[in-house]
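Presented below are the structures under discussion, each in the form of structure tokens.
Paired with chain B in one complex and with chain C in the other, chain A is shared by the two complexes that follow.
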Partner chain A sequence: MTKYVIKRLFSGLITIFLVFVINFILIHIAPGDPVSVMMGKDNNDPELRAALMAKYGLDQPLYVQFYRQLTTTIRGDLGDSYIYSRPVVDMIAEKIGPTLLLVFPSALIALIIGAAMGILSARHEGSVIDVIFSGLTYILNAMPSFWLGLMLIILFATRLNLLPSSGMIDVRAGYTGFRYILDVLRHLALPLGTLVLINIPYYYRIAKSSVLQVTNEEFITTFRATGMSERKIFNKYVFKNAILPVVTVFGITMAFLISGVTLIETVFAWPGTGRLTLTAINQRDYTVLMGMYLVVSVMVALTMIVVDIVYALLDPRIRY
Partner chain B sequence: MSETVLSIDNLCVTYKNRQKKVYAVKNASFSIEKGDAVGIVGESGSGKSTLAMALLRLLPARTAEVTGKADFLGRDLLTVDDKALADLRWKELSVVFQKAMSSFSPVHRIGEQIEDIYRVHTPNAQKGEAKERAVELLKLVNLGDRVWRLYPHELSGGMLQRVAIAMSLLFNPRLLIMDEATTALDVVTQGQLLNEIKHMEETLDMTRIMITHDMSVVAASCNKVVVMYAGDIVEVGPVKKVLKTPAHPYTQGLLGSFPSLKGETHALRAIPGSIPDLSQQYNECIFAPRCPHATEACRKARPEPVQVGEGWSSRCVLCGGGKA
Partner chain C sequence: MKLIKKILRTIKSDRLLLAGCIGICILLFIVVAAPLITEYDAKLFGPDALVAPGDPAHPLGTNHLGQDIWSMLIYGTRTSLMVAVVASFISALLGIIIGGIAGFFGGWADRIISELINVFLMIPTLFLVLLIVAMFGSSILNIMIVIGLTSWPSNAKLMRAQALSLRERTFVKSAQAMGENRRQILMKYIIPNGVFPVVANTTVGMANAILLEASLSFLGLGDPTVISWGQMVYDGKQYLTSAWWIAAFGGVAICLTLLIFYMTGDGLNHVLNPKHGKAGE
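Right after this comes the complex of A and B.
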């Protein structure tokens, strides 16, 4: 098991390095350059251009740029933003908290609700509950996340006036302590709710099909033939076998969620890394983009490692 | 001295859905005495597994309709209430399925699964009691106690099949149903297991139903044979007599399609035609379309079982005066 964990960590590191390389290449072959943006639209002074290129090392050959970027990154320095001249690490650090607050709880809640609905549906296949849940998840699955977010804003913020439509805190109120937490939760409700609703169908479908499949396995028939109670069979044997694919799906959707949360952050003006990324793309802010992609890939890689280890704990066949 | 363990009377199983019904087992009747080893043979789709699943009450009530009687130690298996059924299961009536690989949960240790099954009927068992019993049985099928700590994927198919057999004997059941339990094994392993099973029967005083499509398994390990064709029991009788002088044309055909080790070699013959559509009800002998001896009489009505010898009957009109 220890060997497996070490192996997994190592392959995670390689993944992150590859992401680093690919990002570096992609950003450099994309059209547009940061110097033009910094110089402004109507300025074409070649001297200023050369000075800026020299200042940021953009006049060096690509492999030098790559080497410098790699070594500084390893030292924990992601460089300064081309546009804001601030350390990228600081910029990301102040935005990552709100994003994590959105991503992890929504993934967990979606997992629990989706899997519970799926299990219930499978246990009562063909019943009214099953039909309602299936229909509901089809509809949710077909909705674009930003559209659902907007609809929720219209319903809960505009019409019912129950929840705030954007931001993370009420700036004017200046709450502290418990009131502050409550305020954040109120602001969190809609973006979190949107993400949960969007992710429920994946867990629902995989949990339902997985439970149905395991229920038809021969060993379940064997346990029935031994006179074991249905409850025990389900709670112990069906559940543990059926939960495995759900864990896999959790890893996959987490990756999508971490990178796809940008849209939701934009809709709800959530002060997370999503907007930071979007602005950086528009301004060709290479260092910020590189930093963000790196952070995202590290988060995805870490999540995958955790998921793989959980999987190995649940399934003895994985521990090679 | 012979005591009837299981007596099946007019058992019918019909699978149904909205569009149609499939008559999988029709009017099955036979009985099993204590100490018997009964082989149920027939080709795929003849209803032999369905019959076993019906006896074990493992068919889904929504899609399978079971009628008739199956008297097991004085209780009707088909109508006994759930609680009494749960008491009978595994303690008196246990089963080994064909695919041992999938007969265990892949993510639980074998010991844990056996322990759970042991506790179904002895909830207050001391710690270690189940293991003690299991190790004893594992020894019987030539496996060490090491198996207890292993996961199913760490064993070979043959070993798992042995574990499944050992597990089925946990409570010394009166009747053991082996549904193609040796089919997936190679002939050497199969032969070993059959010998072990026969040996165990002598020591454990057990009655066995052996479902198979392999005549050699029946010949090697049973004393009574039930031949099924398209849901009908076409012939029931003592193995030695049936194998030597099969009364029903289908049995003759079935035997003709197996090679014989002893005696003269002859060309293997396949039975021409294929199994009839079981969603139809037939008012003739079900085998008539494929039968080389079929006459007018065969197509007039469904034949009733005819007594051929002692404990030997055949559902064929030609058997009235002896051999067809």
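Right after this comes the complex of A and C.
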């Protein structure tokens, strides 16, 4: 097991290192020299230029620059945003809370609903439920997340006037305590709902196909032949074996979610990292964008590693 | 002639594939016949802005600049399909070459490339694309190339698996015995025989490319000189409360197009490996 964990950690590290290398290459091949990329356009402050040159050793040979940048990044310094003249790490740290509030619950809810729908479909294959669920998830799968979000706004916020369409809190109300939590939950409903809907198809597909696959295994047929009740077969044998692949999909969807949430945050003006990314795009604040890219990759790599380890704990076959 | 008949029979045998193929034909028709089925040029800023759908002159309404929504949808098909074809062609080509080399040559090359493929599959593509497009400019050509360059890993993975199994087959072994060199074998036997799963995957790749271009446009990184569905949704966002139709129809078009590509892809997968189709879906 230890060997497996070390192997997974190692490939996670490679991933992050590769992202760093991509960032490094991009800075150097982008139009203009690295300093102007980091300083932003229309900025010609010679003092800042000299400071950046010294910090990253930009007058040195490439391998020295690479080494310097790597060591500063490892120390947790992702550079400064030229627009706000603040460390990128601080800016991201401030905004990451609301993003995680959106990402993890939506992944979990989608997993539960999607897997439940998939299992139901598989147990009643060919029934009306199966046809409806399959059709529904097929269409959901083809919807662009940001568009679905906008349509939900039109329906629930503009037409029915049930839910707020943007932001995380009602600024004018200034709630505290329990009312505050309730207010955040109300604002959370639409963005969370959109993410859940978008992610359901993945879990549905994998849950359904793995239940069907396990049901067709020979040992299940043997149980049937011995006269064991369908319910017992399902609860004791099918479910346990079929839920494993769903766990792996959780890791993969997470990767899409963490980057895809940028779109949803843009739709709902959610004050998370997505907003930061959008502002950075509009102002061509490359240090922030590259910092985000690195942080997102670290988050994805971490989730993948955790999911893989959980998977290996559940299924001893993987470890060997 | 026999081949065409066989292809037609295969298409007819699978409902999803049939529906997908009909859909693709409709899309191609729209691409070719765009000027015939629209009354206005999509880039024409008409005198009537924000006309609601149902208007006799503009059945789907107009946007804030007076552009006809129906015309924009029709001309947007051209952009989306162009992005889909160019990006997925680059991605398939890279995937086939890289995956083929890894699977066929094996050894160190395979170990490094496989690890690289896994790593690239893990990295969120959207962010990389976004970063590159922001840095190098958001012309439609840039967008297509970047999407192609970042989406090859899944194709490479499929091609590698194919090459791994093909190189053990007798006809490849006999070619080796006949003294053909490794490059010839790769080009003449491995790639042509292992390319089908990549082709099936390419339909999904096309769908992803369309979605990615739309996402970029929605974030304000689209090419402002072309008509694109993502751009329509982006424009419509500001007018969501007063003119819902600007954003709504663009999304419907994306959704329908993705459905067509997914159906084609699933249908192709069923036809290529019938056993798999039974357990899945």
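General observations
The criterion applied here is as follows: the second predicted complex is superposed on the first by the 280 of 320 C-alpha atoms of A that agree within 3 Å, B and C clash if a C-alpha of one lies under 4 Å from a C-alpha of the other, contacts with A are read in each partner's own complex, and residues count from 1 in each chain.
Definition applied: contacts are C-beta pairs under 8 Å (C-beta built on N, C-alpha and C of every residue); 3 or more make two chains touch, one makes a residue touch a chain.
Please read these numbers as outputs of a predicted model, since none were measured by experiment.
Bringing the complexes onto one copy of chain A puts chain B beside chain C with no clash.
In the superposed model, A:Leu289 lies in contact with chain C only, and not with chain B. Of the two partner chains, chain B is the only one that A:Asn241 touches; chain C does not reach it.
Legend: residue contacts after superposition of the two complexes on their common chain; A:Ile258 is shown touching chain C, with no touch to chain B.
Between chain B and chain C, the partner in contact with more residues of chain A is C. Shared-chain residue A:Glu217: touches chain B; no touch with chain C. By the touch criterion defined above, A:Ala225 reaches chain B but does not reach chain C. Contacts of A:Ile281 after superposition on the shared chain: chain C is touched, whereas chain B is not. Shared-chain residue A:Leu314: touches chain B; no touch with chain C.
Rounded to the nearest 10, the angle made at the CA centre of chain A by the CA centres of chain B and chain C in the overlaid structures is 70 degrees. The superposed three-chain arrangement places the nearest Cα atoms of chain B and chain C 15 Å from each other.
Within the complex, the chain B residues that touch chain A are 56, 58, 85-91, 94-95, 97, 99, 102-108, 116-117, 120-121, 151, 153, 164. Residues 11, 14-15, 18-19, 22, 26, 30-31, 37, 134, 138-139, 141-144, 146-148, 150-151, 153-154, 158, 205, 209, 212-213, 216, 255-256, 258-260, 262-263, 266-267, 277-278, 281-282, 284, 286, 289-290, 292-293, 296-297, 300-301, 304 of chain A are the ones touching chain C in the complex. Of all the residues in chain C, the ones that touch chain A in their complex are 115-116, 118-120, 122-128, 130-132, 134-137, 207, 211, 214-215, 218-221, 230, 233, 236-237, 240-241, 244, 247-248, 250-251, 254-256, 258-259, 262, 279-281. Per the touch definition, chain A reaches chain B in the complex via residues 217-219, 221-229, 232, 236-237, 240-241, 244, 314-317.
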